[in-house]
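Paired with chain B in one complex and with chain C in the other, chain A is shared by the two complexes that follow.
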Partner chain A sequence: MAKQYDVLFRLLLLGDSGVGKTCLLCRFTDNEFHPSHISTIGVDFKMKTLVIDGIKVRIQIWDTAGQERYQTITKQYYRRAQGIFLVYDITSERSFQHIMKWASDVDEYAPEKVRKILVGNKSDEVDKRQVATEQGIKLAKAYGMDFFETSAFTNHNITETFTRLAEQVLAANKKDLDLLRMSVNDEINLAALEEEEGLCDSAAGDQGKGCWC
Partner chain B sequence: METSDDESLVTSPCRHCHLSSTVDVITQGQTCPGGEVTCSGDGEEVASRAQSHCVDHTTCTLCCGSHDGTHGPIRRSDEDQGAELCLRDDVILTDRISPNMDMEGSKVNRCHQQEGGGHCGGRATGGTDLYLDEPFSQVTSDSDTQEGDLTSDPPVFSDDDAFTELLQLGELNHPAPASATTTHHRHSLQEHSRRPGIIEYFSSRKQRSISQSVPGWKLFGKVPPKQSPSKQARIIQQQSAEISQSSLSSPDFQEFEARQVSGRNSPTHHAAGQQSRRKVEFEPLSTTGLILEDRPPNLPAKSAEETQRHRQQYKEMVAGAKRRELKEAQRKQQQLKERVRQEEEIANAMLVWNQNILPQWDTMRSSRRAQDLWWVGLPPSVRGRVWSHAIGNELNITAELYDIFLCRAKEKWGSVGTAQTADGASADGESSLDLITRDVSRTFPSLCVFQKGGPYHDLLKSILGAYTCYRPDVGYVQGMSSMAAMLILNMDEVEAFVTFSNLMNRPCQLAFCRGDHQLMFRYFRAFQVFFEETLPRLFAHFQSSGLTPDLYLMDWILSLYTKPLPLDVACRVWDVFFRDGEEFLFRTALGILRLHQDVLLHMDLISIAQFLSRLPDEELLSDRLFSCISASVMLSGNRKWSQVLLEQTGC
Partner chain C sequence: MFAARGGHGQQDLFRVLKAYTLHRPEEGYCQAQAPIAAVLLMHMPAEDAFWTLVQICEKYLPGYYSTGLEAIQLDGEILYALLRRVSPVAHRHLKKHKLEPILYMTEWFMCAFSRTLPWASVLRVWDMFLCEGVKILFRVGLVLLKCMLGSQEKLKTRQGLYETMELLRAIEPQYMQESFLVHEVIELQVSEKDIEKEHHAQLRRWKETHGDLHCKSPPRMHGAKAIMAAEPPSRQDLKQMPTIIVDSLLVPKTDGVKAGDAKESRKTKEEKPKKTILPQQEIVNPYLPPTDPSPLLKHMTIEGSKESLSSVEHDTYL
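Entry: the complex of A and B
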């Protein structure tokens, strides 16, 4: 079980039920779009490895159930996250209004250092739009977040959004990362001698995990 | 493989009676390698045969001569075949023992060929002609090639049957059909992939040989009785029968048949056909045939060792392919049998449920028979009734009650359309109805019956809507749609509503649907106790990865396993859940973890979580899972599930 990554992030998808969190995720990880996903119960998981600035970043994405009923459960996962997507549906005013509630929950339960990004999904459904792009931009500014309008259906801005958040998390953890890099190098040098025992990967991987989880 | 080959060949008595050419050959070859070869090769029987070849050469020719006198060309051609077969056998043996045989081999073959030509013009010597360079290897490679070729076509049986038929035909009409027979046999030799087929052929010839050429048979038949080989042969025959049954329709088979037909026909039409024609006829059909072909004459020949090694490797490959194919065929056969058996079982079970158990539900439900039948899964036709009987109706819900709540739900839906946007952050109940509309369409999407326009779309929506009006304190929870859908698939509307309401009223379901944190974690903790007890290694791994049961159990319990498991397996879990209650849900969880333990032990947190949220659908999953479930006994020390659960209250 060699771990082929340098660092490990945990990102969380939050937002009302039906805004398209699972669709965003499937588009990002598998480049697939299914209009009818089974509603998420509790939390679902996906992962993908990105290379950012030459660093192999493995991101775990926790896709939470949007229904309020599940929030007592999902809130306990916030503290494990380094980055959070706040997703609303541009065709649903209500899902946009709920962003404030989601954001305040995040403030309450997530670690201070957590990075957030605002996502207005279903940008392809222009006819049904209820939330103007400007509203999204304004809200994002108020929270000091970046903002993207995406469409899982047309694959618009998906990779950009995920990469942006990953970059931000990476930057926020720069100090740890530098430390990590040094230790990784140490490990690699060390491992070069003991390569036959296959210590390299697992040691580096553990290091990555140890730093951030 | 080698052994069985040899054994199967040993069982072929025909070689004993028509060895004229082989014997000739051996003498012409100036040596007597046959004795050597066979001695080390196959033990007593073959050895004695080989010796008799060498020693009794004249007798042999005499014997063959008598054949000729009696039966004419047909017999001869048959003999040629016999000879050819023998040659081939000898080649195999030679291969293994002395590479020097190659030299002799070519001589042998040339002479054999001459003889073949002499015996009957129509004889299919093409194969040998083509490969004059080194006919020996060709004989082997030819058939071996075919073996490789045909590793997936099984129909030796039919081949042999057809052959026998032809053989008989050939006896009636002289020269031309005889050659057809030969050719045909050549084919069957080519189709040698089926050793059993050849055996069959041989055994069919055995009687003929005995009856028609008694002297020859006796002469060469003074060998110890071969019992074990024939036994072996019988087994192989059975296997081959299975194979031919299981894949008669494969394209390979069709191809093979086509070839066979051409092999049958053309030589008949051109009985005394020219060599060139025959050459075309027997061109190797597979490129793999080239593997063993010798280098062109203008290049230095392979060393004997190399040749031998290549042959050996090739044979191993072919043998491997055959083994795989046989295994596959057996597996398929097994599957088919299993399916038939299951269907019968289901039909029988249905009878018992309908006639014995359901009419006297209260007395019969806890009977041993019912409990056992229940465990293996309910027949789909009685499933709904058994479920609804089992869950009962302690809430006393009636059809009228359902209608009332349904009307209320419909009213609300009517108003939601207008009120929704105006009053955004409205009460939870309203958004529940909203969610239902959305979720109904994404319930079991692969079944395409709950989607908008599908037959059960409105039905599912009605039941969920009525339920949220009936129990506003619970409301709609994502996950309910698949549970209600499961019921709809097995019972009618009112029954489904009654069962659903009662199901949701079970303590475990109520705890999870209400999102009762404390209660849920009590269940998780109780589960952990049994988890640690039954699967300590995996438990430790989960602990160290930080994988808490809520990450997978919530999904499993709230969807009642409709999400992680394929529908049919989920149905069976439901069956026993209705028999055993909530305890079984956690037992199923243990079963799943046990089933996949080996894989899970090598995964990290996220991979495990991902894996567990959608389990792989594999063959026989249901049976394998249930044997894992039955291996997971819900006992911690002497405490049962309910006790352990109660104990968790204190924590």
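Entry: the complex of A and C
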């Protein structure tokens, strides 16, 4: 079976209920937008392949339920992520304040070298804005993260945001990837990668270099 | 019915869910309660829907919507354990790819399949569920897992955690079709006893790994009959509390034994949906139009299933 991608990694969408995590994902993977609020129960995921620097990167994006009580379930998946989107809603001051809580949870439960990006969604709703762009920039700077204001509705900055985080994860793991490329021949690597997919939960260190869990 | 923002459907949905949070402030609102309440609202007035929701949350599925969501995780383990007997092939496959039950069954069980199955099947499953209790949810889950993952042939091309999950998020329509599904569910030999037995085993395991449960939920009741037997309706319960009072000529005002009896039986009849759900009433519902009761809803479900998030409701932010 022909391999569809070179590397695979996992990104995770976090943020309060109703900020638009699922909508961001739908826009990115299917280029669709559904204005109705359908709450995510538990966890869901979608996949998409991007080409970054000539590398076919398959990204698996995990979408989580934002409501607090689901966290006992969703937290179990933090540790599997290599990149995390912290999403708030620019029309909700509260969702912005909660970013601190989400970020500290990430520190606690996600792998140390996980890459993060701050996302202020619903940028099209200018009339209802409660969080100034500068506030977002400032917070992102404090955390050392990149920052985007997006709109799943108008498709503003969506691809940019997802691509940026994917690039960062790729860069953070570049060393591993280079090692992988140098070692033996391509076919074996790809096969190893394929195998990796199902084994991502086990300690990554002693597995092949293709999967950075 | 619930599509219009601020429309009657949404208003009722909001009121029912809000009422629940006032009724059980320590429990609060859990997002999965919205689809449950929405299905109920399609069958009864808001007040009855509220009481039925209370029964579902406290008797049928206690702890499902509580902080920590321990009960649903425990049921995931129970489902997985039962699958071993029902379909060893599917069980082995899930084990091999480390697909944890909460990844595929959370929405199934918490929404009582209302977001998963086609509408006709939702109605049948709910009839059975309200009548016989949670074992129906287990059986539906087991049937779906068995159908989708039960043959080596099918699994050949779907190796891997994510491939398997995709498979379970796009269940082939023939397996969800009303007559097929109901037949399979009735045939499947999984009893209340099996579930209780497995519940004890998994609870023991849970305590070993996670410690004691944080939320002490009341015991689960297996269906309407068990609930009625455990809590026979008191006189107080049977007292009618109508919101609209229309003077009836049929019930004479003069007090007498006869009139009292008639009143009593009428009350019993009318009060029942509040206390338990009358399965007969739901199976043959003369008020249901022959066509789909909510074309919009069906449309939503189809649309939703494409993106692995079939849904019936637009919940209000609470």
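As a working rule, the second predicted complex is superposed on the first by the 181 of 213 C-alpha atoms of A that agree within 3 Å, B and C clash if a C-alpha of one lies under 4 Å from a C-alpha of the other, contacts with A are read in each partner's own complex, and residues count from 1 in each chain.
Just so it is clear, a contact is a pair of C-beta atoms (placed from the backbone, for glycine too) under 8 Å apart; a residue touches a chain by one contact, two chains touch by 3 or more.
Only a predicted model underlies this, so the values are computations on that prediction, with no experimental measurement involved.
**Student:** Could you classify chain B and chain C on chain A, in the superposed arrangement, as clash or fit?
**Tutor:** clash
**Student:** Check whether A:Tyr70 is in contact with chain B, with chain C, with both or with neither, and answer first, second, both or neither.
**Tutor:** In the superposed model, A:Tyr70 contacts both chain B and chain C.
**Student:** First (chain B), second (chain C), both or neither: which does A:Cys26 touch?
**Tutor:** A:Cys26 contacts chain C only, not chain B.
**Student:** Quick check on the superposed pair: does A:Pro111 touch chain B, chain C, both, or neither? Answer first, second, both or neither.
**Tutor:** neither
**Student:** Just checking: does A:Gln97 make contact with chain B only, chain C only, both, or neither of them? Give me first, second, both or neither.
**Tutor:** So A:Gln97 only meets chain B here.
**Student:** Quick one: which of 4-12, 418-426 or 454-462 on chain B sits on top of chain C after the fit?
**Tutor:** Stretch clashing with the third chain: 454-462.
**Student:** State which residues of chain A lie in both footprints, the one left by chain B and the one left by chain C.
**Tutor:** Dual-contact residues (chain A): 17-18, 34, 36-47, 60, 65, 67, 69-70, 72-73.
**Student:** If we count contacts the way the header does, which residues on chain B are in touch with chain A in the complex?
**Tutor:** 420-421, 424-425, 428, 431, 435, 438-439, 441-445, 451, 475, 477-479, 481-482, 513-515, 517, 520, 546, 550-551, 554-555, 558-559, 563, 602-607, 609-610, 613
**Student:** Show me the residue ranges of chain C that touch chain A in the complex, using the header's touch definition.
**Tutor:** For chain C paired with chain A, touching residues are 3, 28, 30-32, 34, 65-70, 73, 96-98, 100, 102-103, 106-107, 110-111, 115, 159-162, 165, 169, 300, 303-304, 307-309, 311, 313-315, 317.
**Student:** Give every residue of chain A touching chain B within the complex, in rising order.
**Tutor:** Checking each residue of chain A against chain B gives 1, 3, 17-18, 34, 36-47, 60, 65, 67-70, 72-73, 93-94, 97-98, 130, 213.
**Student:** Which residues of chain A touch chain C once you look at their complex with the stated criterion?
**Tutor:** 17-18, 22, 26, 30, 32, 34, 36-47, 60, 65, 67, 69-70, 72-73, 76, 197-198, 200-201
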